[in-house]
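After this come two complexes, each holding chain A, first together with chain B and then together with chain C.
Now for the complex of A and B:
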């Protein structure tokens, strides 16, 4: 087989499969860092200190209302201004983490606030320190109420990873890989539907895993009536 | 440390173009949300109907819109439909794709709002002698509106961000215009920063309008 063939080959399928792997990797890593950062920000916003509250509120508003493409390009060119050279893939990964942290922060805050103050007071009354009541009462209870919202964010993040292609990040993630194949074989409809199927399966996979986990989580902590 | 000279004058020389592009962004946002809301309203009613065909159609639409990237949807409308000889301008493709996407999300939001109204409300209204249309207009919809108002606001901001994907298929809305201008002037940071501020202002004005509307319309 020659190197240029206008049909869909096995190599193309592997390229798309690898692309799906990259998409998954991007989601996982930026989801992890974004969740940690967002958790800290959301937590800090529940502390009753007005300047911090509004400053972090501004951070959240900015990263939630400026389109991701612009965030990517600004971050990349901003780094260049400071003389830092980072490859597009890493810079995309960092931008994605910061972007999703703003969303996670809001979810975390609403989770913490969903725990009734009486519950926290009761915990403190039992002699727990602030950190203990946070660790053993607020986090477990709050996490259950915001798990679905958090899952939704991670699914959104997976779809947003398709934008790192704008920076020319290599290796290509799923959508970029599909585009490369389309450029060669000129069958946009079929390839795009295939890529859509890949995304669909990955989203579905995450949803199923989280649902199962949520169920077992709730069973384990069910109070014996 | 910073051996970079910021040059803002060139950005403000192109201010009229940026402003025009910002209005195109706003236009796309408003149109895609308005159309998406109309489709979403129909779909959310179909989602609750007994007709299996309508139910499946709606379920498929919602699942496809929510589980694939918006960029893929834009590609499908712009490149994909070209394969079956339907050629769209980049404007039409972005509008169609973002509307498709919006409709999927809005359907779920509206359905969630309708599910939150207990059937007792409906029965009580009927018991008071209201006709079905009156039940919807005076009892159900005002309450649904209150529940779905803030999620819809978020969706509007999201749609605004979504229109920035038009840049990739060559539409000169705010992001596309910014990309074009910075490629001519080699001032990416300045141009994108100004674009980011414009997006922030547009989004904030949407959010503030929504909050004020909510404060004065849902006071009971």
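Now for the complex of A and C:
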């Protein structure tokens, strides 16, 4: 910025738009990796092996109880102490993925356990292997029952991405971008309303996509009138 | 031929099977009757290794079911099983329910699996429900779907675990009709049932289960009309 402007400029709008893009990117990438990791952890916890169950249970408890902001700082400092030079943005992305994986793991476990045992027995009784029955029966049936819970996690994740600001991660995501503008033009209400609208639009987008997907399932399995 | 020799099975401290001996010939229809908790259903699960056993031996066509080296997934393709509870795969159409295992387990082509599914669904009277989901089917139709699904694997044996017990009375008949069809075709059937008249009509032999053992076994008509043992008389007297 070469000249100081006390009003909201086109550049400010672009900064917020880019910030929204960064927020969406952080949500998408950490949501993807967190879901993959959480899926593996949740699945592993359903295998009847006590040490694994409790060890992963501890993992879940730690990352669900320690405030995310502390996780960001500790993880980032930890990397520095071990001499790993990773930029704050990537460090934040990894922290977010691990954080959300703990929540996803519990959702996945409850999804797997929601499939009636007799349905799984029927699959095994047909000669399917454990992996076949898992892939063709347990995953699709379980996924339908936990989709709303998983969607809730992803919406929460989007709002949590704003905390990467504590690492001074660049480029700034939506909330950080908004704060930068507020500091300059001193119009917090208007800018926060604008930022809130951006969050709403992005969250709503996710909800609409998931709902449409869910509806296509329900239409297939609906009870005949 | 299925040979069951001195099979013991416990759930924790509760011994459910206390030394069961039974031989089922190819083509035979055998009905297992007896009070609830007598171990009939458990025995069926042990025959296709959905449950483990503590001691004894079960062989199916000479293959030791519970030997560590046995490929139980392969063995189960020969042993169709239908349960009391509805267990159609809820996310698949009737056709896909039946086609899944032939496609994935027997590795048939997509077209072949589809044809198999349509053939067996028509066979159990569901030829007009191919694209219906389980939630759109009545209980009786779901059970017939489960039977078609088992038949599509072309099993040598069918294990039927009280397949009419969860049904409304008016739906029992259609499922029994389907089972009659199977019996006439000569497939070997071991059926746990409370439908005594049905057992009398279609079974070659009936076995009465009591306290974890086969208390009495004999030709269907003899055992049901003229039971020798006191417990069998008592049981039949109560339920007929």
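Definition applied: the second predicted complex is superposed on the first by the 217 of 225 C-alpha atoms of A that agree within 3 Å, B and C clash if a C-alpha of one lies under 4 Å from a C-alpha of the other, contacts with A are read in each partner's own complex, and residues count from 1 in each chain.
Note that a contact is a pair of C-beta atoms (placed from the backbone, for glycine too) under 8 Å apart; a residue touches a chain by one contact, two chains touch by 3 or more.
This is a predicted model, so every value here is computed, not measured.
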Task: Quick one: classify A:13 as touching chain B (first), chain C (second), both or neither.
output: neither
Task: Please work out whether A:205 is in contact with chain B alone, chain C alone, both, or neither, and reply first, second, both or neither.
output: neither
- prompt: Thinking of the overlay built on chain A, is A:116 touched by chain B (first), by chain C (second), by both, or by neither?
  reply: second
Task: Figure out whether A:213 sits in contact with chain B (first) or chain C (second), or with both, or with neither.
output: neither
First (chain B), second (chain C), both or neither touched by A:49: neither
Field: If touched residues of chain A are counted for chain B and for chain C, the larger one
entry: B
Query: A:141 contacts which: chain B (first), chain C (second), both, neither?
result: second
- prompt: After lining up the shared chain so the two structures overlap, which partner does A:125 touch, if you call chain B first and chain C second: first, second, both or neither?
  reply: second
- request: Report, in rising order, the residues of chain A that make contact with chain B in one complex and with chain C in the other.
  value: none
For the chain B and chain A complex, residues of the former touching the latter: 1-4, 63-64, 66-72, 75-76, 79-84, 157, 160-161, 164-165, 167-168, 175, 178, 188-189, 192-193, 195-196, 199-200, 203-204, 207
- line: Per the touch rule, the chain C residues reaching chain A in their complex are 48, 50, 73-77, 79-81, 83, 85, 87, 89-91, 93, 100-101, 104-105, 132-136, 146, 149-150, 153
Statement: So, in the complex, the side of chain A touching chain C is made of residues 116, 118-119, 121-129, 132, 136-137, 140-141, 144, 217, 220-224
- line: Listed in rising order, the residues of chain A that touch chain B in the complex are 61-62, 64-71, 73-74, 77-78, 80-83, 155, 159-160, 162-163, 166, 175, 179, 182, 187-190, 192-193, 195-196, 199-200, 203-204
